[in-house]
Amino acid sequence: MNPLLKSILSTTFLFSVLRVATPIIFPALGVAISSLSGSTNIALEGIMLVSAFAGVVVSAFTQNLWLSLIAGISAGVLIALILGYFSLKLKADIILAAIALNLFASGITVFLLYIFAHDKGVSSSLKSLVFPIIKLDFLSEIPILGGILNNQNILVYIAFLSVAIYYVIVFHTPLGLKIRAVGQNPDAASSVGINVVRIKLYALIISGVFGALGGLYLSMGYVSWFGRDMTAGRGFIAIAASSIGGNMPLGTLLGSLLFGIVYALANFLAPINIPSEIIQVIPYIVTVLVLTIYSARTAKEKEVGEE
Amino acid sequence: MEKFILKYFNLLRTIIAILIGFVISISIILLVSKNSIASLGYLFLGPFGSISRIGNIIELATPIIFCGIAIAIPFQAQQFNVGAEGTFFISAALGTAFALIIQKLNLPGFVYIIVVLTFAGLMGALWGFIPGYLKAKFRANMVVLTLMLNYIAYFISIYLINYHFRDKSAGYLTSYRLPDTVYLKQFIPNTRIHIGFLIAIASVFIAYYFLYHTTLGYEIRMVGFNFHFAKYSGINVFKVIVLSSIIGGIFAGIGGMSEVMGIHRRFLWQSLPGYGWDGVVVSIIGRNNPILIMFAAFFLAYLRIGGQVLNLLSDVPYELISVIEAIIILLITAEAFLENVKYRITVQVAEKEVLENESPS
Amino acid sequence: PGCKKTTTTETQKKVKVTLYINGTLGDKSFFDSANRGLEMAVKDLGVDGKVIEGGYDPAKWQPDLEQLAQGDSEIIIIGTWQMVDAVTAVAPNHPDKKFIIFDTSVDYSKGNLGNVYSILYKQNEASFLVGALAAMITTSNMPLANKDKVIGFLGGMDIPVINDFKVGYIQGAHYINPDVKVLVSYAASFNDPAKGKELVLAQYDQGADIAFNVAGETGLGLIDAAKEKNKYAIGVDSDQYIMLKDKDPEAASHIVTSMMKNVDKSIYRALKLYLEGKLEFGKAESLGLAEDGVGVADNENYQKLVPQEFRDKVNELAQKIIKGEIKVDTAFGS
Amino acid sequence: MAIAISLRDIVKVYPNGVVANKKVNLDIESKTIHAIVGENGAGKSTLMKIIFGMEEPEEGKIYVKGKMVHFKTPMDAIKQGIGMVHQHLMLAEDLTVVENLTLGIEPRKFMIFLDKKEMRNLVQSYIEKYKIEVPLDKKVKELPIGVKQRVEILKALLRNVDILILDEPTAVLTPQETDVLFKSLKELKEQGQTIIFISHKLKEVKEIADKVTVMRDGKVIATDDASHLSEHDIARLMVGREVSFERIEESKHIGNIALKVENLNYINREKIHVLKNINFEVRSGEIVGIAGVEGNGQTELVEILTGLRKATSSAVYVLGQNIVDRSVREIREIGVAHIPEDRMKNGVAEKAKIKENLISDRYYKGNFSKRGILNYQFIDNYANELVKQFNILTPSIDSTVNALSGGNIQKVVVARELSSNPKVIIASQPVRGIDVGSEELVHNFIKNARDSGCAVLLVSADLDEILKLSSRILVIYNGEIVKSFDKVVGLNGVDLGPYMLGLKKGE
C-alpha cells in the first residue's frame, strides 16, 4: 500500500487528530461559554498566549508543575478580567477591547521573554517542565482505540474532560442557568435580581480558564517552550469550531475535532507534490462548507416561512 | 457651561481617555528608558518631526481608511463582516496579476490606472459577495465566514503570486514590479503620499454620502437597526445584506491595489498585513461613520508612526510600542468612562430647566 | 533592557553601526545570527553597534531606512531581498553613508550604488552536504535509522530562499542514492512550532528517519518531533546542537548536525575589513563553502553519532564542491 | 390602613435629559389594588421601575412598609417583597418555563448543582397555590403570549412577594384571559397582597381597582377611590378633555371588493394546520373585524396578507390583483398598509430617528428621493407634519424612537401606515398600549380612512375595539372562521365569546 495512504489509515493519524484538536477544543469551549453569556470573546488568542508564557516561565524558575499550572491559569484569567472590566464595566466595545488585548498579549509576552530568557523568539534557554504523558496499560489492550487514546498528554484527556465539565456547568448548575438566561435576555435576568455584569464576568473567567489550559498545552505539552505568537490563530479557529457546534458541548467538541481532522490530514498530505498553499487552504474551505451546510439546515428561514 | 460640556461630551471623554492612555505610556517609558524625556518626545512629537514623517502618517492612514470604510458598510447593516483583511489582500494580488497581464497592451497611464483599480474593485466586490451571499442565503455566521475567508484569500493570493507572477530574480515571494505607467503618483516631495490617499479621502465622502443620503444607504442602515422592520417595510433584506458586503469589498479591493500601485509597486506581502483589523478598530472607534473613521485612522496612524520613531531613535523595545497602542485603544472606546460625570451634569441641567419652571403640584 | 550603547564620554570616536532588521529578533535564523555578528564586532572591534527591529510591515521599511540614513550611523546593515528596493532608493541619496546588505545583492547596474556592499550565501552548497549525509544515514544501520529510504525536509514557506536549501538537499541526497525519497512539507509560517512538529511527525510516520528544518521558529518543532519519535534531525543556520544541549539535552542529542549559514561571521568579517579599510563597496560577494560563508556543524554529537566514513564522505564532497567538481543547483533565477 | 409603599418627591431624569418623574408623591395602601393611569409617556413605567430598583431616582425618598429604602438593583426590591411584571415581557425565550420561573432562586443539590426535581416541585406548588396554569417543560418561545404573561405573574409570585406591580398586564390578553387574571388578582388581594396595576383600559380599572392615581406629564394629578370616579372622570383627568367611548358612526358608502381571500391554508414547519380554508372579503368603505383569542392563527393570517409569510395554498386578491407570490413591497405598492401586532419587532427601528421610521415604506418614491438620493428637506417637513397631525410627543423628529414612551411609539407606526394613502388597511391591535386620548385619535384616523373609501381589516383581541369600529365581524377560532356577524349594532361581548372560545360554531 502507498505509505501515505497507509499512514492516514493508521492509528497514528487519529492519534494526531486528538493532539491537533486539543489546542482548539480548549479555546473553543472558552468561546462557547462566553457566547452563551452574550459576549463575543475573540481574545482567546491573547489569553492562550499569556498563559503559555506564564506557564513556561514559572515552570522554569520553580520547576513545579502545579505552580506553573496556577500561573498559566491566573495569567489567562487576568486577561479575561481586563476584557470583562473594559467591556462590561466601562462599556467598551468587546471586539475592539479583545483586538487590543490580543495586541497587548503579543507585545508583553515578547517583552518579558526578552527579560527572562534574553531571546525574542523562543524561550528555549528556560528549562521548562512539560505536562506528563499518560500511559494507561489497560488501554493498550484495546486494539485500535488503545493506539489512539493511550500515551497522550494529560492535557489531551483534560480537554475531553473539560467538555463534560462544560456540559455540567451549563446545564446542571445555577451558574450555567444564569449564564444562559443572561445571554438570551439580560433584561429578563436582571428583572429577577440577577447581576448581569457579574454573571457575564464569571463566564469570561471560565472562558479564561479554558483558554489558559489551551495555552499551557501549546507551550508545555505540545512543545516544551514558549515561542512568540505561538498560538498562530488557534484562538480564531476556536471561534469557528464553537460556532459550528452552536456553542453546545458536544457540538463544540465535534467542531474542534473537525478541525483536528482536516489539519492532521493537511499535515499528512503536505509531503505530496502539490503546491503547499493548496493543501494549507483545505481546512478553511472545509470550514466554510461545513458552516454553510450546517447553517442552511438550521436556518431560521423556514420558520419565518419565506423562501 | 454645562450645556457646552454636554454637547461636546463624547469628544471630551475621548480626549481624556487618550490623555490617560498617554500618561500610562509615559509611565511605561519612564520605567524602561534610560533617556525617557527624549523618548517621550519621539513618541508624541516624533510623528510631526519632519515632512517625511507627517507623510508617513498619511501614507499609513490611507489603507486603514479604505479598510475602515470597507468594514463600516456591512457593519451598518449589522453584518459583522471582518473580511476586509482578506479582501484587501486578494484584490491586491489579483489586481497585480491583472496589471502584469495587460502590461503588453501598453495602455496610456491614466487609462491603465483606471482599468487596474476598477478591476481590483471588482475583485473586492466578488470576494465580498461570497460571505454576503452565504450569510443572506444560509444564515451562516458572518464573523466565522469572514475569518475563514481571510485565510482562504491569503493562501490563494500567495499561490497565485508564488506560482505565476513571482519575480524570478528575487529570492523572496514577490511579484514582478509593475510598469511605471501604472504607478499612482507620489505627489508631495520627500513623502510617499500618493494619489491613493486622495482616492481614500474621496471614498470617505462618497461612503458618507452613500450611507446617509442615498436610498440604498438608508436601506442598509434600516436593515442594521432592525431587519424585521426592514422586511416589514418592504425592503429586500437579502439584497441589502449581499450588497453591503459587496460594496464594502469594493473599498477594500481598491484600497489593496492602491497600496500596491502607490507604495510598493509590486505585491510583496508574505503574511496578511493587518490593515483589515485596523479597519475594524477604526470603524468601531468611528461608530461606523466614514468621517469619524477617517479621523480615527489618522489617529491610529499617528500612534503607529510615533511608535516607529520611538523604535528607531530610542532604547524602548519594539514590543512595548504595541503594548502602548493596545492600552490607548482600550481606553478610547470605554463608553461608560466618565459616564457618571455626564449623567450628573445632565441631571443638573434638566432639573434646572424643567423643575424650576414648574410649580410643584 | 536597552540595546543601545551610549558613547558620549569616549575620547576616540567609535564607528557607529546600525543593524536594521526588517522583522524581529528571535527568528533563530539570520536575523539573530546577524545580531550575533554585530555583537561580536562590538566586543572585539570596538564599534558602536545598535540593532533596530523594524517589524513585518513592508510599508515601514523604506521610511525607516531613510530615517537611519539621515541619522548619525556610519554604516547601516540590512538583510534579505525584501530590503533591496528600499536600499536602492535610499543609498544614492546618502553617498556619505555605507550600507551592507546580506543574504541578497542589489542590482549594481541600477547605478550609484557605490556605497553598498552585498553578501550572498551559497546555502545550496552546504545543504547539498547535509542532504548527502541524510541519505547516507537513512540507508545505514545507525540505531535510529529504519529500512525505508525516506528523508524529510521542513520549509517555512514555498519560496526561493527556502527552496535553495531544498534543491541542494535533494541533489545531495540523490547524489548518494537516487532512490532516496525526500518528503517536503511547508508550514506557511515561520513561527508556529506546534505546526512544524505536527508536519514532521507526519513525515516520520511516513517512513522518514531524518529531517532537515529550514523554517525559523517553526523548525524547532522538528527537533521536538525527533525527540518524541526518536529519530534524527538536522539543524539550520546556527549550530542548533550547541544551542540546545544545555537546555534540552535529550532533544539536542537527536541533532546529527546543522547546516550553518554564517551570517554572523560574514558580518563580523565585513566590519573588520571596513575598519582595515579593505571592504570593497559597490560590489557583491558570494560566500560559499570555500569562504566559510556556509558549512556543516562539526561538534561532539556529530562525531559521536555519525560514523567516521560518513564524515569523511561529507568532507570529500565539500572539497569537490569547492573545487567545482560538483556543481550544486540553485533555486534562484529558475 | 397600613401604607405599603410611600413615595416622596421622586425625580427621575434619564441620561438623555428627559425628566420622566417630576416630584411624584404617592401612597399605596396595603392589601389594596391600586391602579395607575395616565397618558403615554406620563411616567408610569418609570415610577414603577424606580419602586422595583431598576432605575434610581435623582431625588426623593422611598418608604416600603414604613422603612426608608435605597434600591440599587431589583434584587434589593425583591428582598423587600416587591415583584414586578413588566410592560414588555421579561423572559428568556430559549429556556423552559421552569427554568425561567426559578431563575435566581434555584433549589440546589450538593450546594452547586441544580436540583431539577425540586425546581419542578417548587413551581408546581405555586401553580396549585395561585391556580395559575402554565406548562412546565415547554420553552417559553413556544407559548402563546397570554401564557407568557401568566408565566410572568407566577414568576413574581414565586419570589414570595407581597407587593406586586403589574405594568399593563392586560394589553396582550383576551377578555377571557383578562377575566382569569382578574380573578387571580382578587384572590391574591384576599391573600394579603398589595397590587399596583397599570392599564389604559379604564373599564378594567373600574372593575378591579380600589384606588386610582392619575398621572400626567411626570406628575401625580389625582388619587381617589375608584368608586368615586367614573370612566369619563378618569379619562378627563388623564387627557384634560372629554373622551368618547361611543361606537363610531356607520359607514355611508360601501364600495367594491378591495380584499378577497379564497381558500387560504397554511401549514407551518411543525406540520400544524394553522389556517384552514379561510374565505372572506372586505369592501372599500367598510371595516371588517376579526375577533378571536390570540394565537388562533391571526398572526399568520396577517403576515400572509402582507407578504411576510407564504401561505401553503391560497388566492388573495387586492383590488383584483392576485398577491400570492408578490413581495412585501409590491403588496404595499398596490395600496396595502399594515399596522403590525408587535410594534417593537416589526413596526419600528428603535435606534433610528423618528423621521427615518416614518418613511420606511416610501423613501424611494415621489419627493422623498430622486435617482436614489434622499431629499431631506422634504422628508423633514413631511415628518414634522406627521408628528403634529398624529400628536406624537417628542422633542424633535431627529430623536430616536427608543426614547419615546410605548404609546408614542405606536403612534409613529400608525402615522406612517395611515398616511400612505392606503386602499386596504390591515391593522393588528392598532391601539395596543395607547392611552385613551390617543386611542380616540387613532380610531378617528381609521374611521376617516374608511370614509374615504379604504377597506379595513381589523384584527384585535380587544372586543370593545372590535365592537366600536367594525361594520362586520368574523370570529376566528383554531385557524377557522367560525362565525360571521353582518350586523354589529347591538352586539356585545357575550354574543361573541362562545364562538371565540370554540364553544359554538356556525353561520
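By written order: A, B, C and D. Residues from 1 in each chain.
Simple rule for what comes next: a residue touches a chain if its C-beta (ideal position, glycine included) is under 8 Å from a C-beta of that chain, and two chains touch if they have at least 3 such contacts.
Everything quoted here is computed from the prediction, not taken from an experiment.
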Touching both chain B and chain D we find A
Co-neighbours of chain A and chain D resolve to B
Taking each chain's mean CA coordinate, chain A and chain B are separated, in whole Å, by 29
Averaging C-alpha coordinates per chain, one finds the centres of chain B and chain C separated by a number of Å equal to 37
Between the Cα centroids of chain C and chain D the separation in whole angstrom comes to 75
In chain B, the residues touching two or more other chains are 155, 158, 162, 317, 339
Contacts with two or more other chains occur in chain A at residues 110, 114, 120, 275, 277, 280
So chain D residues touching two or more other chains come to 308
Full set of chain pairs in contact is A-B, A-C, A-D, B-C, B-D
Note: in the complex, chain B contacts chain C through residues 32-34, 52-53, 56, 59-60, 63, 155, 158, 162, 166, 168-174, 192, 259, 263-266, 268-271, 273-274, 308-309, 311-315, 317-318
Per the touch rule, the chain A residues reaching chain D in their complex are 168, 172-174, 176-178, 180-181, 184-185, 187-195, 302-307
The answer for chain C against chain B in the complex is residues 1-4, 6, 24, 52-60, 62-64, 66-68, 71, 80-82, 84-85, 103-104, 157-161, 164, 188, 332-334
Within their complex, chain C touches chain A through residues 1, 24-28, 32, 53, 148, 150, 152, 155, 157-158, 183-186, 188-189, 191-195, 197-199, 201-203, 205-207, 216-217, 220-221, 224, 243-244, 247-248
Listed in rising order, the residues of chain B that touch chain D in the complex are 213-216, 218, 221-222, 225-226, 228-236, 339, 342-343, 346-347, 349-351, 354-355, 358, 360-361
